[in-house]
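Listed after this line are the structures, all set down as structure tokens.
One chain, chain A, appears in both complexes that follow, with chain B as partner in the first and chain C in the second.
On to the complex of A and B.
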């Protein structure tokens, strides 16, 4: 019996000369949110791996930019590039993230990027 | 008596992650994915990278509004003009030493100050800014900057008035960030090279503001100790 062949370089072949995340451009389909939309970060269970900071869970945010299309980190960690989705740059108010953040500095914000599956409309 | 004051031998602490890196690297070499010499050459190349290209990107953006527009819209394309190709960089011809190739240039205004952190690890725009400083990788900076940005910036010597919005950029996915600070007063008529000198690494991370006369390579005064300690070693 021959050994099953698995192409361990499929990702690098796809990205060479194009770049990652640029190589996933056009693969995510229509974006669910647009710039200026108010969204809330879902509090999904942490199974194995993801890159959604715990401090953002359940917090409201505003979409600042649609940054790129890419498989989310939780898929890519397992070499699964089949379901790219839109990534959004989100702006949070610091007072929405931290209960003890001083009202004197209520203007302060935090920006970070999350894939579409973590967001719900508000 | 002198014996008692001999310093204890230095012991290098090795973290679990360093052990993991060595194990994975040795397995990869054994499997023939790359050779020990490839790895050494790669490390040597990585250590040649520094913040000079990013400083020139900022200086160019200060001088040329068209270039500033390009930098803010497409950081990867703008990087080409300062000699950094994120996508076809040597020696791998792949978008390393950053694993990802999305550079975003964050434009400060007099009322908005950006500062960059990576709370989940220590993502850093290495192709254009070189290796990250040690403090950038520490859990102390990473966990405190997002929650107490003003206090942490004050520790760096940067105190900003309440009407300036501080925007912490948590670099958690595939974008990498450099800050484009406001061009300081007193730099009218300066050349690109002069401006690049004051756009130091810390200004590009966002924990400092550029100032005329403050450069990374400036000579600092050395003061003799007031109560010098005698060393017998």
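On to the complex of A and C.
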């Protein structure tokens, strides 16, 4: 039986001495969003793996920071680094995420990072 | 008025709160028309995405890591240094591929250990025969 060949060195060759995600800098192209932009999280299909919390889907958020360029988790989880994307740190209002959230704490926020594919402009 | 997506998200979170490993309950493979879209989404939910699931408070206990836990961690890191997997593939296998029953039912490092064996089998660095022979051999030392 023939065995599949796995390239075990491609990542170390790219990241050694630079770091990850720094080694993907400049590979994602122009960012679609800038700090302060209002965005909404898309409800894309959940097939096998991603790290986009379902509780954020369809919720509005504000871009707090463009954090780095990196392959999205759903690609990297199968060792695919071909399509890095911008990652955004996003701020959600807790009252936008949880229907029963107390008005007493209406100013509470939640911050999390998502890759660009999950975001659409508002 | 919440958007349709938000309504679906909240419905989803309510359903997955009811899904738990069925240990003592009779289960059936359902006919296709017995699974609607909302339940399909609940069944295929990634087990690591626990945010928003209704649950009860659990007691926090400070615990020293055990030797086997340290050894497991080191083994998994060495697999990464050797390029067998990256951290994201490890997390996918430990937290999602194992399925909800094992995700909720096994200790944290139990999932790491099981997954370290799994990656070596999946990528054909060891065979199931070698692995099960070794487990059998080690087990006999304690009989």
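By our rule, the second predicted complex is superposed on the first by the 116 of 122 C-alpha atoms of A that agree within 3 Å, B and C clash if a C-alpha of one lies under 4 Å from a C-alpha of the other, contacts with A are read in each partner's own complex, and residues count from 1 in each chain.
As a working rule, contacts are C-beta pairs under 8 Å (C-beta built on N, C-alpha and C of every residue); 3 or more make two chains touch, one makes a residue touch a chain.
Computed from a predicted model, the values in this text were never measured in an experiment.
Engineer: Between chain B (first) and chain C (second), which does A:12 come into contact with in this model arrangement: first, second, both, or neither?
Structural biologist: both
Engineer: Scan A:53 for contacts with chain B and chain C and give back first, second, both or neither.
Structural biologist: In the superposition, A:53 touches chain B and chain C alike.
Engineer: Please work out whether A:104 is in contact with chain B alone, chain C alone, both, or neither, and reply first, second, both or neither.
Structural biologist: first
Engineer: Contacts for A:73 in the overlay, against chain B (first) and chain C (second): which applies, first, second, both or neither?
Structural biologist: both
Engineer: Just checking: does A:29 make contact with chain B only, chain C only, both, or neither of them? Give me first, second, both or neither.
Structural biologist: neither
Engineer: On chain A, which partner's contacts cover more residues, chain B's or chain C's?
Structural biologist: B
Engineer: Once the structures are superposed on A, label A:21 by its partner contacts, choosing first (chain B), second (chain C), both or neither.
Structural biologist: Only chain B; A:21 stays clear of chain C.
Engineer: Taking the contacts chain A makes with chain B in one complex and with chain C in the other, which residues are shared?
Structural biologist: After superposing on chain A, chain A residues 12, 51, 53, 55, 73, 97-98 contact both chain B and chain C.
Engineer: Which stretch or stretches of chain A touch chain B in the complex?
Structural biologist: For chain A paired with chain B, touching residues are 12, 15-22, 51-53, 55, 67-68, 70, 73, 87, 89, 91, 94, 97-98, 101, 104-105, 107-115.
Engineer: Can you name the residues of chain B that touch chain A in the complex?
Structural biologist: Within the complex, chain B contacts chain A at residues 76, 86-88, 93-95, 99-102, 104, 119-120, 146-147, 149-150, 162-175.
Engineer: Quick one: in the complex, what on chain C touches chain A?
Structural biologist: Touch list, chain C to chain A: 2-6, 8-10, 12-13, 41, 44-46, 48-49, 51-52, 82-86, 88-89, 91-92, 96, 123-124.
Engineer: What does chain A use to touch chain C in their complex?
Structural biologist: 3-4, 6-9, 11-12, 43, 46, 48-51, 53-55, 57-59, 73, 76-79, 97-99
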